[in-house]
Amino acid sequence: MQAAIDRPDAKGKNLAAYWRQWSGDYPNFTSLATTALLLIALVIIFYLINERFLSWRNVVIILNQGAAYIILGVGMTFVITTKGIDLSIGATVALSGTVVGLILVTWKMPLVLAIPAGLAAGAACGAFNGYCVARFRVPPLIVTLGTMALFRGLSYVLLGHQILFGFPDEFLWLARGRILGIAPSVYLAFIIAIWGWYFLNYTRTGQEIIAVGGNEEAARLAGIDTNRIKFITYTIMGVLAAVGGMVWLARVNSVQAAIAYGVEFHTIALVVLGGTSLFGGRGLVMGSLMGALILAILENGLVIVGLGSFVQQVLIGLIFITVVAFRTLQFREGQVTR
Amino acid sequence: MAAAAHEIGTSSRATGEVVLEARNLRKNFGGIKAVDDVSFELRNGEILGMVGDNGAGKSTLIKIITGAYQKDSGEILLGGQPTEINSTGHARELGLETVYQSSGLVEVMDAPANLFLGREKLKEGWLGKYFGMIDKRFMRRETDNLLKTLNITVRNLAAPVQTLSGGQQQSVAVGRAAYWRGKIIILDEPANNIGVDQQRAVLELVRQIRDQHDIPFIMISHNMEHIFQVADRIIVMRNGKKVGDKRVADTSRNEVVGLITGALA
Amino acid sequence: MSAAAPAPDERGGFLANLRNYHPDTGLLISSIAMLVVLIVVFSFTSERFFSQAVVVNILNQTSIYIIAGVGMTLVLTSGGIDISIGSVIGLTATIMGLLMIDHGMPAMVAILVALLVGALCGAFNGFLVAIVKVPPIIVTLGTLTFFRGLAYLLGEGRVFMRFPDPLPWIGDGRVLGLPIPVYIAVLTVIGGHFFLTSTRMGQRITAVGGNEEAARLAGIDVVRTKFFTYVIMGVLTGLTTVVIVGRQDAAQAVFGFGIELHVIAAVILGGTSLFGGRGLILGTVLGALILGVLNTGLLLSGVVQFWQLVALGILLIAVVAFRMAREGTESK
């Protein structure tokens, strides 16, 4: 902000200068466009390698795999937009999933009890994170590193090494039922993505989330209750982790304390792929939606191509590192020229 | 000398009624008298410059008025009413808008979002009522109008303010204070860290807002040029005390510098 | 815990004098007090707590946390973090297995290769953090997946066993009744403490973590300093791997899974600042001992093993929240 130099007006300049100005003015659009291009390129590549990739059956599988990622990604987009991070979401999935599993499978109680209880567990996990981040001003990284152990530990305390399976059909319907040929969980995921997009861009709280991540001091001086915003953000993340967890449970029809281990990496990766800034203040929910689809396509496509899960892990890690490095360089360039 | 200056400062030639009056303000930090028995008043439509060396107490004084610090003793009157200012948020509610030398804007958000930061306008009707939808079109139109009336040219309203120059960003911040009908606008080194041309533009803006809206300003600055360019009256702080209160018309740079350094005290 | 923190003593008592002598003393004393409290509690809940086997077991477990913890202390002091170390251990262990078991490489050469692999992994992290300037948490979150994937890819799910001498001796041998890893840990701590407090590079790491801009203006090569810090972290992770492989007399790709949590917890419990600029190698030793005592003590007291994770999580958050609150009041 201290820079005294005006960004050169690009009128009458060459195309490159014009592009630079334009992409500086509309950073969101440029990020979304690059993500969309990556998505389309992947689809074309896998289709050229194997036509089966775009068969209706496979598309349904990809969407089904992507649903949980989308839901988790929306929450993580909010968190990263506030310049925070949440490493505990895998553990939150496990703990809320454990609650749901115990109620439905072990105690054979009805769904109307299990779903609110699972959501409440997720909300409690998120609220705990949010409280520690906002109230004690402990860095989010450390809070969620701690709660990653805490929530996972509690899941183990409740379940031990048991694997609960045999969920009732009406619960499994979430991932295994079909509405117009597509699983209900996919509709749910898209509804949550649209809500997330609306919430972040068109509501007061959403704008304040962006402001807190963009410049916390300015937000505070403008009268925004930054602690409240952080608390809300982590609580939403917790609830969405529980929802994503239920979709996950319904898909695999089982739960154990070790479920969703490491899912935080995939979620953060897809959010960053989608163009949300690691430096706060810029959240692209629709980018995360595409990021989730890219991830699901990679996992599915690499199997179709005949590459094992180890190669997948290496490749996804490598793609993630490359994209992050690229976006960071872009961000720094934007800072220098402004 | 100081007493005489005070009388001149409050002479009937000042433009409007008194909007802010500080009486015998004191603030100590562990034995150091940061603000020592300071009184002054601010009238409508007046630009009050505040000068002094580092540590002279001007920033502590301003922080008391904007609610960032609590005074040890003394009284603050707003519009004639004794008022306790508890926090920066409270100060804002009372109509005291502050423009900081930096960190006042969220750089990654666009100008309309910054203008309405923390006070977003909701849409009329059910969309706003039940879905909390903010009215981006309204915010954009208002920003456009405001910037036009203030002669601030922004190439693209939808672009993040970080694409604007430092001077333009500061103009948006000053404009924001004016837009929200601040009863008093406080400028803390408003023209620091920006280019010379842009400094002039920001000061011009301050004068223009005063002329158009009759809003009084308190402006802290190290820069004597800036103060003499826009201020009507100058308060000089030294060692926590007010050592001068002069109308710009009745003083000179040399005299003010003398008061600051203590050569004339 | 709150009792452990010495209250500012206005009359200039013994504690206050100590604190004036060295500002970190208060943190070290609070760590020692925490450790003593834990030991006292567990000596009541379990009779076997002071038996030689248990003490040696605690020391063994702790020495691994300490060796990696010294590296992590440096990284946190520089203002960074490294959560990929578990995966580096898996990758290094796998490569050691391939070299020694499949290709019959002598142990001493393989150990050097292990240190080299660790250094390369660290250099990769360091490159991305220092030169590309990606936030460290994001870099190491990515390499966490990437290195582990490489480990699985190379190891193909195998378990390598029966390593040549002197590797098992390094992991399990005794000198004067104490396990070799303890000696390695002690040497690492002495070296690390000297490096951080008394060498130019150590001072620079602290400066970069404390105020990067000021360090740059003072002419310190920030990029080189950060890069170097991650390389040291990598080498010490390689050393940790050697000890782990030696003790288990086995290697597989899953080794080191989740160890980053324990190592970071040990460093933070020991008083090293999360925000950089203050590193306490001796505190890390205490932090690692606290974790070792906590783990073993809970186990001996008949508490279900899973509660260890819960206790670790709560302890970590509580201690950091406590420190943040204290720092907040001190700065006011």
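Order as written gives the chain letters A, B and C; numbering starts at 1 within each chain.
Simple rule for what comes next: a contact is a pair of C-beta atoms (placed from the backbone, for glycine too) under 8 Å apart; a residue touches a chain by one contact, two chains touch by 3 or more.
Treat the numbers as computed from the prediction; the structure is a model and nothing was measured.
Asker: Chains shared as neighbours by chain A and chain C?
Answerer: Touches both chain A and chain C: nothing.
Asker: What's the farthest chain from chain A if centres are computed as the mean of the Cα atoms?
Answerer: Checked the centroid distances; the maximum from chain A is B.
Asker: What is the distance in Å between the mean C-alpha positions of chain A and chain C?
Answerer: 30
Asker: Using CA atom averages as chain centres, what separation in Å is found between chain B and chain C?
Answerer: Using C-alpha averages as centres, the distance is 51 Å.
Asker: Taking each chain's centre as the mean of its CA atoms, how far is chain A from chain B in angstrom?
Answerer: Averaging C-alpha atoms per chain gives centres 42 Å apart.
Asker: Identify all positions of chain C at which a residue touches two or more other chains, and write them in rising order.
Answerer: Touching at least two other chains: none.
Asker: In the complex formed with chain B, which residues of chain A make contact?
Answerer: Going through chain A, the ones touching chain B are 1-7, 9, 21, 24-27, 198, 202-205, 207-208, 210-211, 214-215, 217-219, 221-224, 277, 280-282, 334-335, 338.
Asker: Per the contact definition, I'd like the list of chain A residues that touch chain C in the complex.
Answerer: Where chain A meets chain C, its residues are 85, 132, 136-139, 141-143, 145-154, 156-157, 160, 257, 262, 264-265, 268-269, 272, 278-279, 310-318, 320-321, 324-325, 328-329, 332.
Asker: In their complex, what parts of chain B are in touch with chain A?
Answerer: Per the touch definition, chain B meets chain A at residues 88-89, 92, 98, 100, 102-109, 113, 117-120, 122, 131-134, 136, 155-156, 158-160, 162-167, 169, 193-195, 198.
Asker: For chain C, which residues count as touching chain A in their complex?
Answerer: Per the touch definition, chain C meets chain A at residues 81, 83, 128, 132-135, 137-139, 141-150, 152-153, 261, 264-265, 268, 274-275, 304, 306-314, 316-317, 320-321, 324-325, 328.
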